[in-house]
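Worksheet for the structure shown next.
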Amino acid sequence: MAVIKDIQNQPDYRNMTINKVGIKNLRYPIKVLDRKHGLQHTVATINMYVDLPHEYKGTHMSRFVEMLNLFRDEVSLKRISEILEQMKKHLNADSSHIEVSFPYFIEKKAPVSDSTGIMDYTCIIKGSSDKDGKLDLVSEVIVPITSVCPCSKEISDAGAHNQRGEVRLSTRFKRFIWMEDMIKIVEESASCDVYSVLKRVDEKSVTERAYANPKFVEDIVRDIAIQLKADDNITWFSVSAENFESIHNHSAYAHITSD
Amino acid sequence: MAVIKDIQNQPDYRNMTINKVGIKNLRYPIKVLDRKHGLQHTVATINMYVDLPHEYKGTHMSRFVEMLNLFRDEVSLKRISEILEQMKKHLNADSSHIEVSFPYFIEKKAPVSDSTGIMDYTCIIKGSSDKDGKLDLVSEVIVPITSVCPCSKEISDAGAHNQRGEVRLSTRFKRFIWMEDMIKIVEESASCDVYSVLKRVDEKSVTERAYANPKFVEDIVRDIAIQLKADDNITWFSVSAENFESIHNHSAYAHITSD
Amino acid sequence: MAVIKDIQNQPDYRNMTINKVGIKNLRYPIKVLDRKHGLQHTVATINMYVDLPHEYKGTHMSRFVEMLNLFRDEVSLKRISEILEQMKKHLNADSSHIEVSFPYFIEKKAPVSDSTGIMDYTCIIKGSSDKDGKLDLVSEVIVPITSVCPCSKEISDAGAHNQRGEVRLSTRFKRFIWMEDMIKIVEESASCDVYSVLKRVDEKSVTERAYANPKFVEDIVRDIAIQLKADDNITWFSVSAENFESIHNHSAYAHITSD
Amino acid sequence: MAVIKDIQNQPDYRNMTINKVGIKNLRYPIKVLDRKHGLQHTVATINMYVDLPHEYKGTHMSRFVEMLNLFRDEVSLKRISEILEQMKKHLNADSSHIEVSFPYFIEKKAPVSDSTGIMDYTCIIKGSSDKDGKLDLVSEVIVPITSVCPCSKEISDAGAHNQRGEVRLSTRFKRFIWMEDMIKIVEESASCDVYSVLKRVDEKSVTERAYANPKFVEDIVRDIAIQLKADDNITWFSVSAENFESIHNHSAYAHITSD
């Protein structure tokens, strides 16, 4: 077989460094850390990028996927720094970036009947490594919640509008942080958390708990932010709440960041 | 300019008629009929297909878009049959199909304060014409609604879980039918309809109305189906309701068709 | 604890049978049959419905999820009939329906270098059981492919526009059918199949193979339909091809069904 | 009518300022500036936020939509600063933010036949105003393009894989900038631009132009960045290119920002 030209390796004369180049929206089966069961099988959507110095024409896209294949046994917060270092090495890059988004499942008992359900959350791990090997890790969870409107409850003779909402919490931290703990902070700050199985006794319980605990999107992000500010493991956070309003066809939204 | 070969027009020997061939997901600005204002500007996503007899290799994709350009002044239920006939003629086809999906806006006053808002709905017009020129028209609306859970209300000491839902109603009919009338049937069959602007007096009103009017997804589709069965203009219908449950991360769903 | 009223079990007087009622868009971790490895872990989106006789007010939504929990070890084509029978029994229904959609991964070697990649497909299993216990199973795959335009190749001095496309193939069958076999039929009918890892020698190979093998969407669905018609295990099929045209911002589309 | 309590206006004691609070995902009909026709009707998805000082419990969500209704005649880059000032005034806020995303249509003639088509782009206007009234405007376009792979062309005996891609370009600027000009920069930097109508003579032309002009995602963002760096009206930019690879089921991606 004749030698095949390496176009990507050719010199480039535009003097223009590229911040990020790589692959996006790769669907991939992974195992992630699970506090209760050790490892959990799930399916991720993955983005992987490196920088490209101004003197090179292109990067080698196939190497990103090959590297991922090496780590297939576990793509988790704990292994991200290794993956990032391998990316820099195999792609001759100064910096590397990875984003791994996946559904994560936790067994969760209904509050009264103890019926077991499996709740689904979306988790996102983001990692970057710079030319000095400095690691930047962000852990993110998207948690479905219930919110009851305090205004609607106060002004109405009976009932109160409520709805499903979604809280997105991102953190930077000193020591490893479990997704389970981030999810817990969010669920405890909503009017009520949501479940996959609820028997009638449970439905009575969550309805009454939510109604006793009305919260605006503003309240939800504030109550989460207060806990994060008090936690000395958290070095940065961003938290937003979006309510899929039951009385409107648009969302109510609030966002706090520690920046 | 030399003659350019027409590959699509070449004969095909696989003896395989194609049911539908054409263009899909074309984003296109259109005007549609608006009962109050005559015509309304909106943006559609359009699919257009014809059949392809077994003896031809391919259809001429560019003609679909050209034909649409001719009708740009009004793509509505009233003009669909003309478009379908033109499609058959210009593409030498026996049958033609079009699907036009678009957001549709209706000014809607808040129930107590009379504040004006603009509610958005999704409407879909589907038309087919067969080789005898027989027209099949389906009109579809997707309407956001509020539903309050009757079980939750009954068994709880206070409050009741409620949520945004979405009702999808499709009809076939003898005489022209306004989207506005289909939307009205849906909104009146929910626990409460939704609004884009609600002042506090309105929020009190819709909260109390919804709470006084609890409905399962089952109730919503039944109450709509009863009205459609009693309407001698409606020759066929399909109605589904999906509630984005506030206590779960999945939906409750019900569907009735007159088939 | 006092007895909690069962609102859903109350009689209904509207005389309106509901075709389908149940849960929609439940995200759930499952294991499915994998021809090479026995079972494969993946994450599904699941819909489950039963009919509701006219005399009942509502169904019991929590039982759908509970039943699914029983089958967690394997939700596959082979177990669907059991799940459907259990649904009818536990929900006192005449008919039951399930739709399970999931990413499915197959190891696939690059054509020349033999580099191993993991290709992702979307698979959908649909099952229904009627009041006589008659089972209706549909197996569906969504397969990404490459298509090179025959017209563009023929009329141009060099090159030819090509693009990623997506083929959706659904079948009914007499004997069990592997997703792997349905995927193979689709991939062999495209201009070329797609890969997750391609080294330079492989890229040369797939480029040349695709260019030597130009196909319209019309050709792709016809070539698949011919094979399905000739296969006496297939009792029904529907196949569509959608090309995300590289020269347009809309798709080209073709559809054949054996109906 | 009794006075209805204003819960949102109540004091809050958590000492936690909220960065952004408001409405999200409101679908709304708007008119935008169109260089050729003056104004263009389209449909936007709109987010509007203000900050919330720590001493207030909540914001007044209905006012966001009411304010938008005042500007319905024209929601464009030129009117954004007015809207932002009104938001601060009517919501007693220090800062305000708006994001308006909409399809934008431009008539575009096919390159040889001159057939008229209507191309669709996605445009996004983002504006913020801080407590000193300092305005920050970002103009963004998402432009579909064709890219031909230089490596595939070089190493293959014939043909080259190509695909639809999407370029997202955001700019900050000194003087008003037309979306049309931003779109032009992107289209001229791709292997070829895309069209809604192409006759055979045009298809020949775009195939040959693209094949003569192979570009990696890296080349596309570099060629755009070079032009923006040389333009003294542009004070900041971010440009990314995503190719929906025809040989893979994932994307190739590159990003340059002037930061």
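Which chain is which? They are A, B, C and D, in the order written, and residues in each are numbered from 1.
The criterion applied here is as follows: a residue touches a chain if its C-beta (ideal position, glycine included) is under 8 Å from a C-beta of that chain, and two chains touch if they have at least 3 such contacts.
These numbers come from a predicted model, not from an experiment.
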Rotational angle, Cα trace of subunit A fitted to subunit D, multiple of 5°: 180
Chain located farthest away, centre of subunit D as origin (C-alpha): C
Where subunit B and subunit C are represented by their mean Cα positions, the distance between them in whole Å: 25
Interchain centroid distance [CA atoms averaged], subunit C/subunit D, Å: 34
Set of subunit C residues in contact with two or more other chains: 4, 26-27, 65, 120, 151, 155, 196, 198, 200, 204, 249-250
Chain-level touch network, classified as line, ring, star, complete or other: complete
Interfacial residue positions of subunit D with respect to subunit B in the complex: 1, 4, 6, 26-29, 40-43, 62, 65-66, 69, 72, 103, 105, 115-118, 120, 196-201, 204
Partner subunit B, residues of subunit A touching it in the complex: 119-120, 144, 146, 148-149, 151-153, 155-164, 192, 194-196, 198, 200, 203-204, 206-208, 210-212, 244-250
Contacting residues of subunit A [partner subunit D, same complex]: 4-5, 7-8, 12, 14, 16-27, 47, 49, 52, 57-59, 61, 65, 150-151, 154-155, 216-219, 221-223, 225-226, 242, 249-257
